[in-house]
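Okay, so chain A shows up in both of these, paired with chain B first and chain C after.
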Partner chain A sequence: MATKQMTKNEAAYIKKVNSKKLSGSFEFMTSRLGWQVSGVFALYLAVTAFMAESVSTAKLIIAAVFAVQFLLQFFITSKITKELIGPAGAISDGTRKLGFLLVPFILCGNFLLFIAGMMLVKKEKNIEYQLSVYSLLISLYIILISALNLFKPKQASTFVLGMALYGLYSIFNLVVIFAVGKYAMGKKPDKKFMPFAVICLLGLALGNVFSFLLGLIAIGKYRHKNDEISVEWIDVIRRLFKNYTAVIGMIVVIFLLSVSIGSNLTFDYRIATSNNFSQMLAQPSLAYPFGCDDYGRCVFTRIIFGARISLIIGVISTAVPIIVGGLLGALAGYYGGRTENIIMRILDVLSAVPSILLAIAIIAAFGASTITLIMALSVGGIPGYARTVRAQVLGLSNQEFVEAAKACGAKDGTIIFRHIIPNSLAPVIVRATMGIGSAVLSTSSLSYLGIGVEAHIPEWGNILKAGSTYLESNPYIAIFPGLAIIIIVLAFNFFGDGLRDALDPKLK
Partner chain B sequence: MKKFIALALSVVMAFSLAACGTTTEKEPITILGQSSSEDNLNIIRDQLENAGFTVTINMQPDYSSFQRAKEAGNFDLAVTGWTTVTGNVDYAVRGIYHSTGDYNDSPIIDEKVDELIDKGATEIGEQAAATYTELENYLITEKAYLVPIYSTVKMLAYNNQLLKAESINQPKSRPGRWEAYEYIDAANNDTRPLVLTQTSASPTSLDPIQANDGTMNTLSGNMYVKIINLSDDDEITTDSSLSYAYAIAEGNSEYYFLLRDDVFFSKAEGGHAVNTGVRVGGEDVVFSLERAADKNSVASHKTYTLHNHMQTIEMVTDLSELSSKVDASTGASVLETLTAGIDGQISSLTTDKTAVNNAAGTYQVIKITTTEPFPQVLNYLAHQSAGILCEEQVMSLNSKFTVEDYDATKDVCYGDFGAIKAGDNHLWCSGPYQFVSVDDYGITFEKNPGYMADSEFAPKIANVYMKFIKDASSATSSFRAGEVDLLGTVAATDVSLIEQDSNFTVMKRDSNGVTYCNFNLREGSKFLNEDLRKAVLYAINQEDFVLFNNGYVMPVYSTVGTLIDTGNVLTQDLEASAQYLAAYQESVNG
Partner chain C sequence: MNISSFKDTFKRMYRNSKYRIWLWVLGLPTMLITFFVYKGKKGKDGYAEIRNQVRREMEGTSLLSELTRTALEQIKRKNEYFQKSASERDMKKQAEQIAKKNFDWILEDKVKQIAQSKSIEEVTMASVYSSLISNGALLALSIITSFPMYIIMILFTNPISKYVVDRLVMMVFVLFGVTFLVFTILYISPMDPALNILGVTATPEQVERFNKMHGLDQPYLVQLFSKFQNLLTFNLGKSFQGNENIAVALANKFPITLQVTFWSMLVSLVIAIPSGIISAIKPYTSFDYIAMFIALLGLSIPNFWLGLMMILEFSIKNKWLPATFQVGNPVTLIMPAIVLGTGMSASVARMTRSSMMEVKNSDYILTARAKGLPERKVVLKHILGNAMIPIITTIGMQFGGMLGGSSVTEKVFNINGIGLYIVEKQFVPDIPAVLAGVIYVSFVVSIVNLIVDIMYAVIDPRIKSKMKNY
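Presenting the complex of A and B:
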């Protein structure tokens, strides 16, 4: 009886230890998500293929491909699990070689398998390696997405040029991966890596923030004198990239950013804005992956171009109220008394006006343009952020570490910006990530009233609105922009969560 | 390392260079429209951009701000529309093209246009058709004063498991005739309320002459009888009107109407419609039409221009006048023409409606004299604004104040919707249905028990409920859910959705609703230039609008086109458009 009890406890203990071992392994985490998502996707495709009136063979083939991916990834995951739990406690070289099988599946668009494969093949991975892999992933993805345009009867005049440039850029990214392995694995990157690092910095011009960060970290490490102390901002990034959900969020956001720049070359803007009644309400096909709307415009192209406006408006109109509102809230909370009363009462008046009404008034006064639109959406958000930050600051300003700082003779500014604001960021970041989605939707409701973005200009809210009329007969017109909005909001949420954890001084 | 940087820089340069496109000299144009015509704005924008214009869209959220922007002249091209609710050409042209027209605000000031409109008004038949065709040729082909877009197809949906198909009518111009509607199960007629729907919950007024808009046209059309009617195809008819017959005397200036004696006013009492026992007679006709033709009869007269051609309205007392006048079309006497409409003989005429007895041969005859020969006056008499009211009932309210001193905030005039909603239902209806009560959700109607009770025109369904549904797609949903029995207007995008269900039938027909664009023709506008106007005209492809609306709109050349077949068709001609545009740019640049 006693022994049985003990084995039960022991089993529970071993289970706990094992699960901790597994979740500490980035290879395991990426592999597990890989088979899970591939499996669900394969199942979904198979079901829809059979649900249709006539069984579509094309869909079945795709479903089969994803089923293969699922099986392969499941097999590798179980192998990884066995080896990690087993006596060796590490993944064997043979298993690592299997990672090369996973990488080509990027051609099916399955970036989870690509990441899992790339993480598996390399035993020692530092932040530079991860960044170079993600950077390659982004450039490959842009080529893949742009390649869909080949099915269209006509391509943009700069299509070939764009594809060639991105092809070169991808090759460069591949070279960087090897260069990282060769020169940048130590505490300090080799001097030979510096040319790569500088070109990586230029990736920002293409929206490839991963590449930019890689260059920045390499240069930062190279110029850093003291080997014993790690650079703080690099630590923050390292913590951020340890969180796989945050990484996926960042991949989505950065991909959208890159594609909104890259689409200038490889996509034809006229397909997104010109009416083509011969393709009116066309069903999704290879040429028009998301179908066509009621004016015969390619919904896929519209969503690609819409990313630009939606990202700009969503991000800026959320960032502005955070900065302004956050500052006002911090001042009000820290100083209290009359300062607080003046600031908060003014903000109370502002928050008493319904935000959409305020936006309409601002646009009516200053005329409709993207800048006024951003301003209009920003002003309404200020009181909310000010309140959030003020509440945080009120709670924090009595804490011991603030009193300690005061006792040390720190200036007010130092206390606010170094001690209070970093500690009160968490709820603001969570709020902000939610705010981006609602900013995208507010843009569309203003467009609906004729004072936002013009209806023919591709903007996700606009596309969604156009689709809402055909929800019953042609649902895909509304589903895809809706998914795009969901994905961008979700991605910012994931990213925001990760950023909060990475920034939180308590979790250092 | 330098090589790397140089390479990278050139890659970035190539990206940014390729992103910049080339620009050519384009002609800017601002299109004004309401958000409800967003689709039209988009198609026009697309077509003009393809023809070498740079388009800015000025979209206003509602009609009043659209109108304000139009008055301020903030546009080059304005998308607007016109519906000829009376079914005659004069109404289709006078208000919008004549220099004195109430709605000619772009404005078109052209003596030849005025001349042709005035000439067409006095003519009938082929002569009139020729004049109006000439007008259309001049307006569009020669001068390009406006850009026609399309004419709408009228669509109505009903539940075919509930309503008798042959009873559902869809008139071209006038509102639907409720009195004809019938349930398949006859037992329902007396018990089940027929649920209809309209968007506006606040009719402007229920006095026929104080409003003429979509909020009350259908209501007024079914609440008040007229002395003449339009058939479903816009022919003049006496069916379900107050007259047995009518006659036009030679010269086209005198019009005679032989009145029925079986129409009585109804009123709401105890939540139901009751017959007041007061006959709708010649005195009421004279009263109602005189106030329609008198600009100062009420404080806000909205339909005066429709009726100002009527000089006198009187009751005929002398039977010999009828036998001495000659009918313009048959050449027989007016008396013969009028008698042909009844079974018996007219033995005497009276000016006292209580003394009327058709069975005994005592009749009332109304004579209307127009200021000039104007055969289209009959169309205006068939309009809802010529509905017959009860003199005593109207004056019991309207005599409490003078028109000059009328104050809408405290005085209650006949038809005041606010007062009726507050509980003061003072409406006496001469038409097939009596307005019984109203709340925030809809209006309850009951059939007028004294409306042609023994004739084929007596209302079949006892109760009608007009439900307010603000938004067209919600109305469609309610209809599909069975909460509404008949949908008066169906959006082009909803047709296929409704037709999927075999229980529903969508009726379609041509209509007199025309969508077109006005140019800004005020002083200083560059669109005073004919070449530039033609460059726009020939850039428009009406086929795109037809395709976009699934074929539920039709090509049209002007507002005349839905009434007279002029044979004109607008075909897109980008070459001509480019030539006109070049000619304009040359003339401007010297």
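Presenting the complex of A and C:
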């Protein structure tokens, strides 16, 4: 009896150790999610293909492709698991070579397999390597998405230019991956890596934040004098990139950002806005992947251009309340007394009205337009940020470093802006990340009610509103923009969750 | 209710500057009499005598000049350190002020000590009041002439009822603030309701008549004042369009919104609390990951999209449930309740998990386990009980928000609730209707918040004891 109990406990212990070993390996995490998602997707496609009245062969073929990916990835994952748990405790070179099989599946749009493959093939990975892989992924994805335009009868005039630009940029990204392996694996990047780093910084112009971060980190490390001390902001980024769900969130967000910049070159804005009555309510096809709406506008192109407006509104209507609310909160928390009382009472009034209702009242007064919408969403966000900042400042203003600054005769303004605000930023940043997601949700809700963005502008809520009328005959017009909203909000939530963990001082 | 609790409450209320004003406003006759008696007695009692004596004694010594000298020295040193220059006279003046203040402090301290040793009390408003109402006739007179003060004092003897009164007073101010805010926003609007309602073809006379009828030709302050008046008399006014009574319209919509809110709340709690508990007790398991992923998904799905998809699946494709809401038909309530409920359950489940995870590792949970309580009791009573406050806050916020009408879902299912009413009226813009709707909603939200805060006190004894201090 006793020995049985012993072995039971022992087995539980071994299981725990093994699962810890596995979850510590980024290769395992990426592979596992790869087979899980591919499997679910393949199953879903197969089921819907058979459920439909006539079995669609196209769907079946795609399902089969994903099934192959699932099997391959599952095989590799089990191999990794065996080797990690086994006596060697590390992944063998033979298994690592299998990673090359996974990489080409990016052509099917399966970025999870691509990442899993890229992470598997390289043994020593640092943050620079990860960033360069993600940066390549984003560039390739833009090319893939833009390539769908080839099926359209006509492309934008700048299409070839855009494709060439992104093609060159992808090749550059590929070169950077090798350059990172050669020059930037140590504590400090080699001097020869600096030209790459500078070009990487320029990636920001294309919306590729990964590439920008890579350049920033390389330059930051290069200029950093003391090898023994790690740079704090690089540490935060490193912690953030250890969290795979946060990485996926960031990939989606940055992809949408890049698409909203890249679409200006490779997509035709006229297809999204001008009427084409020959294609009215056309069913999804290769030329129009998500079909056409009641004015014959391509829903796919409209969704692509909708990313831009959603991101712009989301970012501005989060930035404004952060600035206003943060300032009010800092003043209230720092001065206390009467100042605090007055500010908090005003905020009480603002927060007594639910933000969506306040937005409706403001829109009622000034008419429905993008500017009014941004203003309306911003006003509703002020009390939340002010409260967050105030709570932070209340905690901080009793700390020694603030007292020290006061004793040195620093002015109130200096103390607030130099010492208190930077130290109270972490929770605000986390809140803001999630705030962008909910601003996107509010925007589309208001657009759906007909009081958001002007109806002719391709915005996801507007597309959905049009689609809701044709729910019975053409449900895809409503389904796809909804999926786009879910994906962007989910991505921001993942990103925010990851940021909260990365910025948590307890984990340092 | 005995006299001594009146005395005690009076003393405590008089100490707080805010409640002092309340006492004066609500019990003016009593306060006036008390004040005159107090004025008459002040300076003639034993306490004042002691003070005069001590002051004379202290002025005899060189204490004041000593204090001035040390203060001057300190100021000089401070200026030297910060390398500031100030004239000798300014410094002296400053030093004298500081010395005077310190002198008074020392004086008061000494007086208090001596008075205490001789058990003499200083004459204050509170002491005068308590000596006056010890007389039965005076007490009766006081209660008759200023009964509002006594009502408030009775309420203030109980910490929870005091808290409620405090919050209700605050709420009135917030409602005035909301009225001011929303009315001002609508007033500076460039839109012209007259033209929108009468049509573009309306003659100037018609527009003028319309404006006159609804008081729109009056200056801003007059209009705002009449809105405040309406708020005080609970008169929500009449809408521009159709000239209907807004209070009646809102009262008709309220039961519908309440019904929808209640059922969605039920759906939400049934989903959220158990999944939150299981996730917190067995974290980092497959159930936890899947449940929390679904919760995050629930936060990210737009309500209207989920509603449309459900209509597509269950009404159009399968014809199981009707797509639109009908009053009195409970089957039509299923889909709205599920859509709103799942949206809400997401944040409640996440909150349940995170706050239970925080409590889970406390020492008192270890104690509870160590004394051999069954696991079920540890989880439900000790962990969940102590993690309840943030969960209740989240639920309360959601509940209040939903009572204010979820306009988007109401539009999808064509529910004739408050949210949809306000949205429809804002297209006009029907200023009185929108204003009344917003005030109604903020009233409801404030009341729900108040109930939530009172529930804190019921749940957590620490908060209750905090309320007692004022």
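One rule holds in what follows: the second predicted complex is superposed on the first by the 415 of 508 C-alpha atoms of A that agree within 3 Å, B and C clash if a C-alpha of one lies under 4 Å from a C-alpha of the other, contacts with A are read in each partner's own complex, and residues count from 1 in each chain.
The rule we apply is simple: contacts are C-beta pairs under 8 Å (C-beta built on N, C-alpha and C of every residue); 3 or more make two chains touch, one makes a residue touch a chain.
Because the structure is a prediction, the values reported are computed rather than measured.
Contact with chain C, but none with chain B, is seen for A:365 once the two complexes are overlaid on the shared chain. Touch criterion not met for A:186: it reaches neither chain B nor chain C.
In the superposed pair of complexes, A:162 makes contact with chain B only, with no contact to chain C.
Contact with both chain B and chain C is seen for A:472 once the two complexes are overlaid on the shared chain. When the two complexes are overlaid on their common chain A, residue A:413 makes contact with neither chain B nor chain C.
Once the two complexes are overlaid on the shared chain, A:456 sits against chain B while remaining clear of chain C. Looking at the shared chain after the overlay, A:94 reaches neither chain B nor chain C. Touching of chain A by both chain B and chain C, each in its own complex, is seen for residues 448-449, 451, 472. Interface residues of chain A, counted against chain C in their complex, comprise 345-346, 348-350, 352-354, 356-358, 360-367, 409, 437, 441, 444-445, 448-449, 451, 464, 467-468, 471-472, 475, 478-479, 482, 485-486, 489-490, 493-494, 497. Residues 1, 4-5, 7-9, 11-12, 14-16, 18-19, 35, 38-39, 41-43, 45-46, 50, 57, 59-61, 473, 493, 496-497, 544, 547-548 of chain B touch chain A in their complex. Within the complex formed with chain A, the residues of chain C that make contact are 82, 170, 173-175, 177-178, 180-182, 185-186, 188-191, 296-297, 299-305, 308-309, 311-312, 316, 400-401, 404, 407-408, 411-412, 422-423, 425-427, 429, 434, 437-438, 441-442, 445-446.
Listed in rising order, the residues of chain A touching chain B in the complex are 158, 161-162, 165, 168-169, 194-196, 198-199, 202, 205-206, 261, 264-265, 273-275, 277, 280, 294-295, 448-451, 454-456, 469-470, 472-473.
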